[in-house]
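The following pair of complexes shares a single chain, subunit A, combined with subunit B in the former and subunit C in the latter.
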Partner chain A sequence: MTRLMKYFSEGRTSGKHTLPFVVILLGVTILASAANLFLPADSALYVSTYTITLLGKYLCYAMLALAVDIIWGYCGILSLGHGAFFALGGYAMGMYLMRQIGDRGVYGNPLLPDFMVFLDWKELPWFWLGMDQFWFAMLMAVLVPGVLAFVFGWLAFRSRVTGVYLSIMTQALTYALLLAFFRNEMGFGGNNGLTDFKEILGFNLQADSTRVALFLITAILLAVIFVVSQKILSSRLGKVVLAIRDSESRSRFIGYRTDRYKVWLFVYSAVIAGIAGALYVPQVGIINPGEFSPINSIEMVIWVAVGGRGTLIGAVIGALLVNYAKTRFTAIMPDAWLFALGAMFVLVTLYLPKGLMGLYGQLKAKRNTVMNKEPQA
Partner chain B sequence: MALCCCLFGLFSLPSFAVESTSLDPLLADLVDAKISKMVPILDKIEKASDETVLPLFRTLLNGDLYYIKSTKQVVGQFDTNGETLYKDVFTGQAHPALTKRDVKKIRVNNTLRGYLRNAIARIQLTSKNSSVRESAVRELLSKLDDDTVDILERLYPHETNKKVKQAMGLALAMNTASQTQLAVSNRIAAIDTLADSLENDVRNLLTTLSNDENPAIQEASKAALDTIAQRANRFAFVDQLFFGLSLGSVLLLASIGLAITFGVMGVINMAHGEMIMLGAYTTYVVQLIMPNYIDYSIWVAIPAAFLVSGLMGVLIERLVIRHLHGRPLETLLATFGISLILQQLVRTIFSPLNRQVSTPSWMSGSWEINPVLSLTLNRLYILAFALLVFIALVIILKKTSLGLNVRAVSQNRNMAKAMGVKTNWVDAMTFGLGSGIAGIAGVALSQLTNVGPNLGQAYIIDSFMVVVFGGVGNLLGTLVAAFTLGIATKFLEPTTGAVLAAILVLVFIILFIQKRPKGLFPQKGRAAE
Partner chain C sequence: MSALALNGLESTREFFRRDQVWPFLAPEQAQVNVGNQMILYVEDLNLSFDGFKALNNLNLYINDGELRCLIGANGAGKTTLMDVITGKTQCDSGTVYFGQNHNLLNKDEAEIAQLGIGRKFQKPTVFEEQTVFDNLELSLKTDKRVLPTLFSRLTPTQIDRIDDVLKTIGLAKHRFMLAGALSHGQKQWLEIGMLLAADPRLLLIDEPVAGMTAQETERTAELLTSLAGERTVIVVEHDMEFVRSIARTVTVLHQGSVLAEGTMDQIQSNKDVIEVYLGEEAAGEEIA
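Up next, the complex of A and B:
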């Protein structure tokens, strides 16, 4: 009974990080943006555009980590293929940006992107049609990952493929896409991917103001997704999802159609990953098949594991910390990064099963027991 | 002049000791002779020597034979990478100091060329070695002329070796078929015998003949071409099948260790690919240690790789996997971390570049069955090796006490523990065995592909597919799955291209797993859990 009470009180307090998180996120974002736009470059508080772009990239990763956490931390589905959804969203945005180049490419063809002219293609493939419209491209950035996740999830969860099997299948999925996108005949720029973008919605992508705006939009969307996800996961549906994670067969016997819950949560997660990808591409300036590589997808999982799965805030913190460490490490001693990453995988799974957030909880629980014991002694 | 000859003798003595006694005066004559007087000299050279004189004739035929002005010694001119080099035609010994100014060309004309061609054919066709004779005939197929046909007709009745005789008969039949002045019935009979051959030259001849003026000849050559095409297709099919089996054997080696660890312990070892890589690097190191015994290095490398990878496996199990018991997803992540560390370790120690592992001489080359079908020996050996490893593993699992324990633990861990099986020990041994076999797979792979830090990554996803497709904990399933996937990939490749074939196979497995989540051969009964 006490466990049940504790469970419900946990459920109520799980949203307690939401407000501080949103305030801190938006506060830092606005301050950094203002520091970039309004302070002179020699000021001590000036934030360079490089930093803004870097922060924007981190926030995209944080959004992606959120997507992985929703499915892994809350539903126990370890997807090793979320990079595929991220990259698909990115490619949708990349195709839009590619069309915006127009006749300013190297070959000056008003209709065809450079790589198609290079391959001697005469007309635009059908799947590029409509990609010059921003709304349509954004719809695709959400729809394509969503539909792929639906088809894959529907096939997998209906036939009760779970556990490591599912992980391997998702890895095979992203691997198959990696191979496919490397082919020139696919019409996505092959090995080189899509790059050399000029502008988005008429704004120059190299301009400071565009960079800051993209950064702000990413932060706002991250906050919105965070709040919405928090609401969904603390609703009744969220409780069922947790039940599925802890004992799927029991939930099924009680009468829940567990496969449907899983499919829709999977689709929701894939859509978030797609949005993250679409925001990532204009800030980084390139999308290539490398984003599909299995190692990328597995790295996302470690962000969540480091931060603490099963807590949305943990996923965000994990993504920010690991990626900051990666930036610093690869700059100082590039060879050591893979050692560090590998060690992180091993140590976190061995000693920090609940990540940094869990560590915080563990320490607090320890202090509470100590304090509770003292009056008795 | 005497001095020159003397010097010549001195210089050439060490280079070709045997021929020098009889050939040197003749060669000196050759250098001095006018172009019209050269044939008798060449005739003497031919009589006085055997096959060893071939390089001289060939070089002369190509117009690449020179002599050094000061010593009258003959040298061949060779173009290597755009640079002109002079080498001794018999020994291949280079004369780096020579330039164009020091040498003079020995000129040849058409009469001489014709003579040389026939002489070369004669020398080869009368060689004591039957395989030299056979290859000489086969070489002649594309350039039959009256003289060579004469020689062949003379030699044909005396030939004792069956293969050589067959090849000669083929050449004569080709000649008969192409002679327009002969009777049509004779030509058609010759064309019919040609239908048994798969030689490229025969096909070229028949294609020409299928446009012959005579309709009967046209028809006969078309029919013969059809027969040949059918046979060639059949052999092309065998060739494809062989490549499929070869890929299957590689997949089998790579995945069988994984099948054991996955089947028994229920954990996915993402570092399995790196165990393969360690095995391949062990082969490299073994060859570094014994560079003079490359032929035997494989026999050292196999046990060494088994030990290195196996010990690494036991270490991983003891240090990491043991603590993650019952948490398969975490095990997957932790072993992935280990795989990153191992890759980087190898990159730091051996450099990120690919390392060259040499193939023992007995494994290189190919087994030529006929002109359209030849099987490379290394693939053939690896196919046999994979099956051998598979059989050994089945015997270990079925006949030894370790195998009994392993099977007990995989069927019911708790019950096995209750019966006194040391499950910890069994886990470590299983992991060691699986990893050790991955190491052996690495030895085999080092003979087929480049050895680099990413070697394991290339095979890991395919190996997972094999295990999942075959059904977990079922060695026979792994065998069938590996060969099915290997053959399917190789048969898809010609129509779709390599990349699309790989994608199609992956998609097929993803769909297959939806239909049969437990693989081709699901475990039944108590073992199924």
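Up next, the complex of A and C:
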């Protein structure tokens, strides 16, 4: 009996959005892809390749928002440096794509990317070795952000750095990487980053079918990560994570090593951000140090705040909406976007502390009470 | 031979003593050794904050299965003592042993909690955003490492255990309520329930009846007395009425050390205690 009640209560609180979300996400993705590939370009329902790429980009941002939400919304760790993990994942993919160019670059050097030829380098730096293998590059795309998050988290959480100090440190981390990647001597293309990609796994990156495939893969991975994260967060580990957010010392006194939980959650989140970055780069066609900029990382936090932190679906919705708004807004008034973003953050913090999902919950609760009252009246 | 060399020889001998093993070679003993009927040994404990001596050569021994009350004025070191025992605060010098084999001073909070020392704070701290049931589930005595926690499932025994605790603390009806929605007294009870769910050997309870109604206080007293025997309970409390109703042995702390120890009656007639703690008022009562 108790277990039955428990089962229902769990179903009510955590997993209710998962199935509709996955169905809608995959449904829209498949319809949009089909409309791009099989409809003639003059059809009313035709979806342009530009739109497909834009949607794919949004989904990468949604995945990134998910990563931020998992540690901020659920564990209370406000990371203002998640752009760093995203960009590192992106650079791993970018390096692979650079090596795929081969001798089709401007200088026609079969081994060295153009910018190295330009810098008059004679051989490939050691960290570029192996990056011509897709599997190795993808391994790096998750491993590098993961290891960085582990080292950073291990040092920070073990010394019990929390709150605003931790946020500032994450900000410093991404800023330091920004400065480092700007340098030509680092061997990552400096200011210009990596671009002019030709193909991925032998498929032409400019082809519609490749674009659609990338979009589909992004959607599927987002769905998988969403479901896996939902599972993790509704397990007992998820409860411990919430407990750490609400009272870390209490969690310690009932026997949980909170620093270890935080480190592993941070690593998990960084890996998701790395995957998002790796999917982002082939779709937008460039990765440069700008992705490390602190403003980007703050924007991610705003997506989550707008959507509603502490709910995975909220993070996704927030990322999609804010980025759609950004696309529209920057087309009309590019200079005002940052002001709009700031205003949005202030308004959400003041009036919608739980974001759009919180608003939705309130409206639903209100409707329920009205509906419950009516029969009695 | 120079003094330095002699010193070195001494310490080398000390290091290679033949009657003991090095700590890292000794097998990890999960069981608490309560030979001598003692569960907690606190010896020569010193701790100062910026010159203020919070603990001053404090010695305290707790019998296995005892219910002990700690009383003392503000700043007498009651809460600080609990902080040191549970690993929250590092002491300057002294030893704290749990049973004969667990040195608590080189363990962190989580390890100490896993050994079976539960602590209730002065201000009730429960996980407000989670249900009463989840609060208890989190406190169960289980493997609390990251991976086992990820894959753990509630077993029927654990559910029964939670149900038992819910009954004991009188929150069976509120099991799926958010802990944040409970009243102050209920939160205090939930926190005690969380300690019980962990099945601890030693409970450290800081002001359990603060903010409780007379009825709730009475029930708390009953609960704590029923726990003693099977478990060891140390209670810090200001409410003298409450202490009188549960205490068998009372320890009075004053300025970081033990001033007196004995039954409530002995304590009340102890001259030092009357002077420094119970004050004029109690002295007057004694005469009247």
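Observations on the structure shown:
Quick note on the criterion: the second predicted complex is superposed on the first by the 355 of 377 C-alpha atoms of A that agree within 3 Å, B and C clash if a C-alpha of one lies under 4 Å from a C-alpha of the other, contacts with A are read in each partner's own complex, and residues count from 1 in each chain.
Everything that follows uses one rule, which is that contacts are C-beta pairs under 8 Å (C-beta built on N, C-alpha and C of every residue); 3 or more make two chains touch, one makes a residue touch a chain.
Predicted model only: the values in this text are computed from it and were never measured.
Contacts of A:235 after superposition on the shared chain: subunit C is touched, whereas subunit B is not. Contact with subunit B, but none with subunit C, is seen for A:353 once the two complexes are overlaid on the shared chain. Residue contacts after overlaying the shared chain place A:365 against neither subunit B nor subunit C. In the superposed model, A:247 lies in contact with subunit C only, and not with subunit B. Residue contacts after overlaying the shared chain place A:45 against neither subunit B nor subunit C. In the superposed model, A:260 makes contact with subunit C only, not with subunit B.
Of the two partners, subunit B and subunit C, it is B that touches more residues of subunit A. Of the two partner chains, neither subunit B nor subunit C is touched by A:106.
The residues of subunit B lying in touch with subunit A in their complex are 267-268, 320, 323-324, 327-334, 336-341, 343-345, 347-348, 461, 464-465, 468, 499-500, 502-503, 506-507, 509-511, 513-515, 517. On subunit A, the positions that touch subunit C within their shared complex are 2-3, 5-6, 9, 232, 235-237, 239-240, 242-243, 245-247, 249-258, 260-261, 264. Those residues of subunit A lying in contact with subunit B across their complex are 76, 78, 152, 155-156, 158-161, 163-165, 167-169, 171-173, 175-176, 179-180, 182-183, 294, 298, 301-302, 305, 335, 338-339, 341-346, 348-350, 353. Those residues of subunit C whose C-beta lies close enough to touch subunit A in the complex are 86, 88, 108-110, 113-114, 118-119, 121, 125-131, 133-134, 137-139, 144-146, 149-152, 154, 156, 159, 163, 176, 194, 198.
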